[in-house]
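What follows are several structures.
The following pair of complexes shares a single chain, chain A, combined with chain B in the former and chain C in the latter.
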Partner chain A sequence: MKRFLVPFIILFILITSVYAQDAREIMTKSQKAFLYAGEDLKVRVTMRLISSTGKVRLRELTMLRKNIGPAGGKQKYYIYFHAPADVKGMTFMVYKYPERDDDRWLFIPALNMVRRIAARDKASSFVGSDFTYEDVSGRDIDDDLHELLKEDMLNGEKCFVIKSTPRKADVDYAYRVSWISEESFLPLKVEYYDLSGRPYKLFTADEIETVKGFPTVVKRTMKNLQSGHRTEVVFTEVDYNIGLPEALFSERFLRRAPQKWIK
Partner chain B sequence: MFIGFSLRYPKTVIVLTLVVTAFLLIQFPKIKIDTDPENMLSEDEPVRVFHREVKKEFGIHEMIVLGIVRDDGIFHSDTLKKISEITRKVMRIKGVIADDVMSLSVTNNVIGSGGLLEVRPPLQRVPETEEELEALKKEVLGNPLFKDRLVSSDGKGAAIYIPVESKDVAHEVAQEIKKIYEPLKGKEKFYMGGLPLAEDTFGAEMFKQMAIVAPLAGGFLMLILLIIFRRIMLVVPSMAVAMLSVLWTMGAMIGLGFTVHIMSSMIPVFLMPIAVCDSVHVLSDFYEKYRGRDREGVLRDVFRELFRPMLYTSLTTAVGFANLAWAKIPPVRVFGLFVALGVMVAWLLSVTFLPAFLRLLSEKRLKGLKKEESRSRVLSAMADLSLTKSKAIVVVGTILLVVAIYGVSTLRVNDNPVKWFKKDHPIRVADTVLNRIIGGTYISYLVFEGKNTGDIKRPEVVEYIDRLQRYLESHHLVGKTTSVADVVKRINYVLHDEDPAYEKVPADSSTIGQYLFLFLMSSKPDELDNLVDYDYKKANLWVQLRSGDNRDMTEVVRAVEEYVRKTPLPEGISIKWSGLPYLNIIWQKLMVKGMLKATIGSYWVVFILLMFLFRSFWWALVAILPLSFSILFSYGLIGFGGKDYDMPIAVCSTLTLGLGIDFAIHFCQRFRSYLSQSGDLKKAMLWVTKGEPSVAIARNAVVVGLGFLPLVLATLTPYVTVGLFFGSLAFFAGITTIFFLPALIETFRGRLLKGGY
Partner chain C sequence: MNKIRRINPVIRQTNLPIKSDKIDRRVNVKGCLICIILLLASTVAEGFEFSLNGFLQGNYSFNTASSSPDGGDLKWAEERIQLKLDISNEQLRLFSKTGLYYDNIDRDVGVDFREVYFDYTGISFDLRAGRQIITWGLGDLVFINDIFPKDYEAFFSGRPLEYLKLPVDALKIGLYPALLSIDIVILPFFEPNNLPNRQRFWLYDPMEGISERKELKPSKSLKNTEIAMRFYRNLAGVDVAVYFYRGFYRMPSAEPAILSGLRLFYPSLSVYGVSLQYSALKGVMSVEAGYYNSREDREGTNPFIPNSSLKFLIGYQQQLWEDFTVTLQYFGEYMEDYSEYLKTLPEGVPKMRRFTDLLSIRLTQLLMHQTLRLSYFSFWSLSDGDYLLNPEIRYSFTDSVWASFGAMVFGGGEPWSQFGSLDRNDNVYVQMRYEF
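Take a look at the complex of A and B:
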């Protein structure tokens, strides 16, 4: 009996570790495809914040993103708000570091003032939406333990289903389960579960288009299943590898928005 | 007809009674209970509709407030840790709106230091060092978003606001909250309060009390009957009549699918004294006439004499209660109709079950029961006095009446659900403490509504709200106000490096818009929802009161009205109140006044019915007088005693119809029938005042008056009120019938007896 059991256990450990390895690899590829596509990105974002009673707040912004170094590394974001009308001209900049807190700056046109904004918490809401900063710019791969649960079909696409459990309690959910397309490696659906195991949030990639060879989620929704609040995001004018200068991501340009890039 | 049948086939009658009882008894498991006082108003009552709208619009829910008090201040690591832990756990309770929980550890503050702007809760992390503790203290105590709201200005108390999905889970959620803080007790004391909790707990406790107090009252009633009649087998049937009437009525109500509401849960207490009255008359008369033989004949005599007054009293009472069906308050309608049904059931049982039972009673049980002279020296003396000095008594009565009317005029309509609990009840205690440490557990909302999207961001609107807040906070009844103006001012102050000169509303709307945007950018999507709506068309001003008295809320409403009259609202802006305290004053208006109107309406219906029954205007007038007197005296007493005219008293007022009139009808009807038989006015008067009728009435007054004294022991004040009210009502009705009525008849006999009897 023992003779059978030992190799069996070894095999089991091997298989599970291979799976774990696979899961980590899948998530790394997914991160690259979803959040690090191209050298840089320019996109016009329309954000609809929808309350549980169906009331809508509209946000329109241009987002510029530049990767510094390889995928999974540093990124810089520049955001210019077009709407609502009274915040037109507000700009917002984020330096994203995988291993430490972001740096964030905000320009308030009414006071002609740039303020650094505290960013202790990557799990906080991104510009007041249901997306967190992490949802927009990603989590460090090794902050979570990834397990491949199964393979599944979703919207006619073959998917890896991966459970990611944060190693530290630095987020407001217990774990998430992602459906990663085996073809494009984009997340098609992510379910978040709260600490008591109840469904908490739901991400869905509603429309995907390929721009300059990069499959891009151009329409996505994040819904808070407990409050009923949701945010719908639509990308238009998507463009990659346009040669954004790194100098753009500075306080100087926060105050004086570069018309060339944001219109 | 009933009597003949019942006496001939007593066994059949009793079996039938038991069959019906059994059938109605099996309806009880279907019971549906509704303990929310708010449901006294119809779902579609405009104030409820608006309340619901505001709640939906601003994502507001009824709040339970948990207070944490530590005598040497809450700014200690261990206490702060507990606050943070409780907050976290509370948010996981089912029925709690986690996103809207407010606490030092989850409610965002805006701070700025060295060019860094931060939006985060003050207690995001539990401070460990002295400096950190000091910094936290400084951050919240000087901050209008937190002071008097989430932390007391002396730093000794903190509060967690826990919104619940609906009021009817408040009690349940509170039990869960208790489980969380109970093991954490140390140097801290915990207090839990808030209107939804009071209202829901009242509902829960009410049914418990009902289960204890109603049987207790029944038992006491039985004891008194036993002392009076001294034969257990004579008391049993009258108690049975009372119990069966209650069972039948409640069974029918539940069986027909009606929800048992606060109002209808009172039916047993109301029905018992009314139901027992008829049997006391029957038993008294039976005693008088019974001589140890020919029981059937004696019973026939008794019922021949009593059938009419019993029918009349039951009819008037039933019609009086049924008239409540016209009231605009749905539970009152149900209450009125089913008490009416119960009264008629009691009557039916009194003329079927009661004689059948008495007929079947073994001779042995009645042995030694000699003819008892129903005489009482006191009653006799009262009768003599009443008849000889009748004019003087009428005059004195009239003077007393004027005094009573004065007392009634001093009545103050006021209510406060928290005061439905006795002073030492945990809810009352918590209420007192919480309203000392924070700006008030009574949260109402003043909604500012503009015509266009973005109206709220106009500087003059924010400015107006801010000014109104300063005015309100200077009012002695208001503890704390919070609005979007506070947020705007706070951001302005922080962005200008905490320069006090900038603790004001900025002068242009784009700045205001950008401030709010900035705040929203750094917080949850629904963070500001409690203060402004999605398109900035409406703003919500939180007004926290330290007292839940409707009178006080009414005064604050009036103060705002006056402010608005003196300082006109910005163009295009209108205001409207909402929130539970405001709902309660509207509710009170409809409820208390509606009840009063319904009762007065019933009063007239009873009067008309009396005219019809007596076929005489003057007799109807005479008969309704004791009722009028007892009502006026009872209410006058409440007025003089300084007690508020509240919901329980309003409910009681309907009972006056049932009790007050019975005594007078018995008195008048039996006087008239005796007179018509004997033709001797003097003899009739002496018989009715000194003989069995008065004795029976006096007994009833004693039974009802004392029988409900156990209610005084209840922990909920409405029961105490009902107990005392029954007592005074029975007492006054008895006195006026026995003492005042003879004098009245004597004085006005010319008019009364003109057209025969």
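Take a look at the complex of A and C:
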């Protein structure tokens, strides 16, 4: 019996670790497709924050993103707010580092003041929406343990179904299950579960367009299943590899929004 | 006589009622109008984007400790419309922010050219000419290297925070060589701080008996043109800045006039400073210091002019949980030539401490998808024992309508200390805005 048990255990470990390896690889590819497409990106983002009673608030912004190095690595973000009126002209800059806290700066036009903001919590809400900073700029692959649960069909597309469990309790959910398209590697659906295992949030990619060869989620929704609040996001004027200069991501342009890139 | 202007830091020295009038801005009205006309004319030009925004605002502040010196119940009561006009293309921008207001206390209509400027953005330099607001430095309501004028009356009356900063008529040049960025600001017209109004605020006045006061601003000359510079860059994750200023104290000093009464004047000042800001201890650390060189009283022997001093602050901000941020800050000022100060201090005049400090805490919690903001700010001076408390609640009813309710509470210390002297001026305020 022992003769069989040892190879069996070895084989089991091998198979599961191959699966785990596969899952990590899939998530790495997904991160690359979803958050690192192109060298840089320019997009106009319209967010509709919709309460359970149907009250709508709008957030409109232009987001510029530049990759510094390979996918999964450093990124710089520049955000210009168009609406609502009380934040129009406000700009926001993030230097994202995979292994440590981001650096964030905010420019308040009424005071002509640049402030560095404490950014410990990547899991906190982005501009009051149901999306978190991590949903916008990504989460480090090795912050989670990834398992390939199965393969599944979703909206006629073949998907990997992957369960990701955070290694540390640094988020407000226990784990998430992602449906990753086997073709585009974009996440088509992500279910978040709370600490008692109940469904908590639901992400859906509602519309995908290919821009300059990069499949892009141009319509997405994040719904809080417990409060009924949801946020719908629409991307327009998507463009990749436009040659954003790195100098753009600086205090100079935080104070003086570059018209060429934000219009 | 007195050495009232010895320490001239931050919000300190609101206890000397100098001005009872509104800030006089008539001088440059013509210039502002010309700018606006230029602005409108340029809309005709092609390739320019045009935008018009603004707000309607109601802002009222009610006395809670006692009536104002003039017997009124209000510290502030104003309706205001603001129009923001922005015309820009990639290189050029014309911007104006103009307010039209009705002051219910003085029953007075006024126009406020808050910002009117022209921008040019080049490849490695840019220019901004005209009336503008400039904010430098890292302090949270304390200012070391931000030597631009402040409106303390606005802050103490519960006006929206942006009114704490007064605009300057200036030329700002930005230079961006490879190694660092440089701001050079040239200020041809001196603008003092705006201090609380005597009719509305109870203030400590050591020379109450002397009503004859003449204010003397530095004359408009090339020699008196102020210059401020900032050199800055990010060095290994640290935002580093070095500052230089040559101009005048923005708080007036007082000395006996030749014949009778008091002469209020603004002594020469140079400031050399530095600031660092970086991520540390899971938050943001801020360190700033500045040496105030009182150029007309280098030895500290003139009792009517502030002594040179060293100011510094250490700040730390951290997000403790989602949408909850804490900011702690310690500010200190150390007076030079203190023995000279003591020697020349006239009898019967309150003695300033050699070292004064100010501890501040700011708590901010956002709720309901960041539409509700609860905040608390306080100053507390360890050296003087006085304080300022400012709790506030702000709610955005819709994307375009918000209101905030808050209170300004002063007390502690001595009748002549910074916030202690404002003890009777506690107020609750409301700000309401419709933005478009």
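General observations
Keep in mind that, in the parts below, the second predicted complex is superposed on the first by the 263 of 263 C-alpha atoms of A that agree within 3 Å, B and C clash if a C-alpha of one lies under 4 Å from a C-alpha of the other, contacts with A are read in each partner's own complex, and residues count from 1 in each chain.
Just so we're on the same page, a contact is a pair of C-beta atoms (placed from the backbone, for glycine too) under 8 Å apart; a residue touches a chain by one contact, two chains touch by 3 or more.
Note that the structure is a prediction, hence the values are computed from the model and not measured.
Of the two partner chains, chain B and chain C are each touched by A:V127. With both structures placed on the common chain, the touch criterion links A:S196 to chain B but leaves chain C unconnected.
Touch criterion met: A:F92 reaches chain B, while chain C stays clear of it. When both complexes are overlaid on chain A, the residue A:N112 reaches chain C alone and has no touch with chain B. Of the two partner chains, chain B is the only one that A:T53 touches; chain C does not reach it.
When the shared chain is aligned, chain C comes close enough to touch A:K260, but chain B does not. In the superposition on chain A, A:E251 makes contact with chain C only, not with chain B. Of the two partner chains placed around the shared chain by superposition, chain C is the only one that A:D103 touches, whereas chain B remains out of contact.
Of the two partner chains placed by superposition, chain B and chain C are both touched by A:P84.
When both complexes are aligned on chain A by C-alpha atoms, chain A residues 49, 51, 57, 84, 86, 110-111, 113, 116-118, 120-121, 124-125, 127-129, 229 touch chain B in the first and chain C in the second. Taken in their complex, chain A has these residues touching chain B: 49, 51-53, 55-57, 81, 84, 86-87, 90, 92, 106, 108-111, 113, 115-118, 120-121, 124-125, 127-130, 195-196, 224, 226-227, 229, 231.
Every residue of chain C that touches chain A in the complex is listed here, in rising order: 49, 53, 55, 88-90, 93, 119, 121, 126, 132-135, 161-162, 165, 174, 176, 181, 232, 237, 239, 277, 279, 282-284, 286, 317-319, 321-323, 325, 366, 369-371, 396, 398-400, 402, 433, 435-436. Residues 56-57, 59, 92, 98-99, 112, 115-120, 124, 454, 457, 495, 506, 508-515, 517-518, 520-527, 529, 533-535 of chain B touch chain A in their complex.
Those residues of chain A lying in contact with chain C across their complex are 49, 51, 57-58, 83-86, 88, 100-101, 103, 110-113, 116-121, 123-125, 127-129, 172, 229, 247, 250-252, 256, 258-260, 263.
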